[in-house]
Amino acid sequence: MRQDSLRQREQRTGWWLVAPALLFLILIYAYPIARSIGLSLFSQNLGTELQPVFTGLSNYSRMAVDGRFWQSLGNTTLFTVLSVLLELLLGLGIALVLNRSFRGRGVVRTIALLPWALPTALIATTWTWIFNDQFGVWNDLLLRLGLIQTGVNWLGDPNWALWTVIAADVWKTTPFIAILLLAGLQSIPADLYEAHAIDGATAWQSFWQITLPLLLPQILIASLFRFAQAFGIFDLIQVMTGGGPGGATETVSIYIYATIMRYLDFGYGAALVVVTFVILSLAVALAAWGLTRLRAAHNLGDSR
Amino acid sequence: MTQLSPRQSSRSPSSRSNRRAQVVWMQRLGFGLAIGAIVGFSLAPILWQVLTSVKTTADIAAIPNVYLPRQFTAEHYLEIFRRQPFFNYMLNSFLVASLSTLLCLAIGTPAAYALARLRLPGESALLAGVLIVTLFPYILLFLGLLELVRMFGLANHYLALIVPYTAINLPLTILVMRSFFQQLPRDLEDSAKVDGYNTLQMLWQILLPLTLPALVTTGILAFIAAWNEFIFALTFITRESMKTIPVAVAQLSGTAVFEIPYGALAAATVVGTLPLVVLVLLFQRRIVQGLTAGAVKG
Amino acid sequence: MAKLSLRNLNKTFAPQVVPLKDLSLEVEDGEFLTLLGPSGCGKSTTLRLIAGLEQPTQGEIWIGDRDVTQQPPGDRNIAMVFQSYALYPHMSVYDNMASGLRLKRMPATEIHHRIDEVSQFLGLDGLMQRKPGQLSGGQRQRVALARALVRRPDVFLLDEPLSNLDALLREQVRAELKQIFADQPTPIVYVTHDQTEAMTLSTRVAVLNEGLLQQLDSPKRIYTRPANRFVASFIGSPQMNLLSLPCQGEYALLGRYKVPLPQPIRLPEVVLGIRPEHLRLARPGETLALALQGQVMLVENLGMSDLLSIQIENTPYWLRALLSPDQSWADRQISLMLPSESLHWFDPQTGDRLF
């Protein structure tokens, strides 16, 4: 077979077009991860006068017995699972409402999109203010409704702080899920519902037998995105509680940031980065695998 | 029902239609309530912050809460510009966000085209990489980037933000632009080739004008992400005059532990979010389009 | 100007490309060659290979004395009209026509002169400042043609240029195309799946199937002497009747009828082809030896004639015949003549024409 030089020329141009982007991605994504893996085998902290000293896997064995790490991992998991679940439920509801046509839908859609676009750090201050123990409007509303007798210190009480942070996160990111699910809903052909209705199905049955199964890929994609983001949540918690009270809201990223920027323990911080990266990768790989299986099943169903 | 007398048959449809009208009315009410709930849920916190920002300090600290301000004041807005280099923060955010957005489009668009059309070997691996990378939280990157920033002496330099922001927006840019390129009719490119355009000329003179809407869409998403970024801005920029809005406002709340300036904070939040609110109001449709193109294609 | 020759072109399978097997043909100056075949036959692949939009796996493409096989499309001095017209939507009609010339650094006055000439010829004068989006389908098609004509290329390539027009316009433009390209002193290669276009426009037709050249001949010969069973069934509407008949030396047996073969052959079976329009009623007094008795099972009114489906008596064979609609044919018993000069004979194994 002859080599075709025209194709080669085209491909060479292609690589030149891709190269700058590739360079940026390697520099900003691949290098830091690789660097953290390397650094995690060293101790570099105030004890070593910030000089790297090779200590093998000792950072990892230290992590195994680091209660604060395990607590932060637990917090992160709880935060991630709860916020993504709540966002899915709320997002699906909003998407279903916005999928109906009504006057002013464009305006409502714009309003529903708004929280997603606003800077998380600023929104965090807004929610801190709303949940303020003395002057917060949330306490005031609950008091007026008679649901509580005295003001609750939402962000200062270890029993409430994580829930409060989750509430803020749900508000901020539900629109993202709603938009993705709305796009999914709009791609379901209307004649499916019509055929189903002619078969005598109620709206409720249609929802379970058509909407949900056909929406499943979008639901999984949205959850995957949100899972990764929530697992690495930083700005919201850093601004609202800084991880407190007493570590009640400290997630892995807050712990990593403190380890590196406050305790200047770079080696251990790097090891924390690596472990978080591995956990996240495993979870994402699992989800992606599920998604491909689901898509394959869908395609089979179509061709039959 | 055994037998229908003429009278019954004439009456029952009307009573049935009455009941149906009732059901329809109930459904309408429920639907209206749902819309109201969505609007309230989305707007209430923002509205509260706006109200706080125009209340007098006395009203803000009143117990029980004062909902509607008894007296409007611009005091907090004046304060943030007087006591803080707030104008600088805005300028910094605007500078960093717009430059990184432009850079990202300039780099990402050609790459997206190559991945859409030029059948590069290893293309699918590259795409998978781009997709996976969108799932990395920034906390995993900041340690390595911190070292890079120190190595190149970029601390307190705009480049320390512009370069990472360009990179974090690249995956979305590549995915969205690639899907737009794939939707363009292939004949157009073939025609350009027969006319004698080379790949770069074709990209610049034929395809770019056609992808302008897509570029705007992607650019808005990139701008929003860059404007909102927190952890890099917090870590790489320590000089007060170079801080971006999110960091500056977040640190405003931390300045005085016992007497947090809620009014000023609210005013700062309103000012800092205003550009984004305007963007959303103007480009709602495009943002939705871009978000779904970026995520669903993946 | 320059002759176009394709030498042993091969294209093995690639994504989104129909393969092509060992295609060789030459197109002379002023010749209008049509590549005809069903979808997926490789006709578009051939055109894209000539244009340089695809690369052949093997073989060469020559324009005049230039081997252009390795040249990019822009250097081949060809012009192509696309099915979708592929007009640049953001450029005016004038700029669409000028873009290729500007890339060749042609002086603006020369560009202007050429565009003037062609646009007058095609009646596009008033539209030069419009964008393609503001034109009708027919106008767009003309602009696409004009863009090709101003190039004064060595070869014209046209990829189903009529298929996006509605039926009425298509016939009108087809006639215009014939006029326009009659004067072009270059090879013209035209791709279509529509046999009417192929028959009316071309000087020669290349019928392709599954990447293989089936027949390369004048439109008339393609119709009157199809080279094989595929061409016989693809060309002509309604389709040619093709019957597999047992063979006995000098005869093929159609039930109790003996259809004489032009020459004796030693095959157990043979395929007999006869076009519906060539079957006619037996006239009274004609020798009834070759007149087939049959029962009319179905009548389809085509307007200018009736298409009858006839079962030959005492056989499982059906024939379709085009007969004048001035009689009522339904359920009638008729006798049909097979004119020996209109019979086609094919080898049932290879499909090739025997006589």
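General remarks:
As written, the chain order gives the labels A, B and C, with residue 1 at the start of each chain.
The working rule: a contact is a pair of C-beta atoms (placed from the backbone, for glycine too) under 8 Å apart; a residue touches a chain by one contact, two chains touch by 3 or more.
Being a predicted model, the structure only gives us computed values, none of them experimental.
For chain A, the chain whose average C-alpha position is most distant is C. Put simply, the chain nearest the middle, going by average C-alpha positions, is B. Chain centres here are Cα averages; for chain A and chain C they lie 59 Å apart.
Centre-to-centre spacing of chain A and chain B amounts to 15 Å, using the average Cα coordinate of each chain. Between chain B and chain C, the centres computed from C-alpha atoms are 55 Å apart.
Residue positions of chain B touching 2 or more other chains, listed in rising order: 119, 198.
Residues of chain C in contact with at least two other chains: 52, 72. Chain B meets chain C in the complex at residues 119, 185, 187-188, 190-198, 201, 206, 209-210. Of all residues in chain B, only 31, 34-35, 38-39, 41-43, 45-46, 48-49, 52, 60-65, 67, 107-108, 110-111, 113-115, 118-121, 126, 129-130, 132-148, 163-164, 166-168, 170-171, 174, 198-200, 203, 224, 227-228, 230-231, 234-235, 245-247, 249-250, 252-253, 262, 265-266, 268-269, 272-273, 276-277, 279-281, 284-285, 287-288, 291-292, 295-296, 298 touch chain A in the complex they form.
Here chain C touches chain A in the complex through residues 12, 52, 55-58, 70-72, going by the rule given at the top. The touching residues of chain A, counted against chain B in their complex, run 10-11, 13-15, 17-18, 20-22, 24-25, 27-29, 31-36, 39, 93-94, 97-98, 100, 102, 106, 108-115, 117-130, 132, 134-135, 137, 140, 143-144, 171, 175-176, 179-180, 182-184, 218, 221-222, 224-225, 228-229, 231-235, 238-239, 252-253, 256-257, 260-261, 266, 269-270, 273, 276-277, 280, 284. Against chain C, in their complex, chain A makes its touches with residues 1-2, 4-7, 9.
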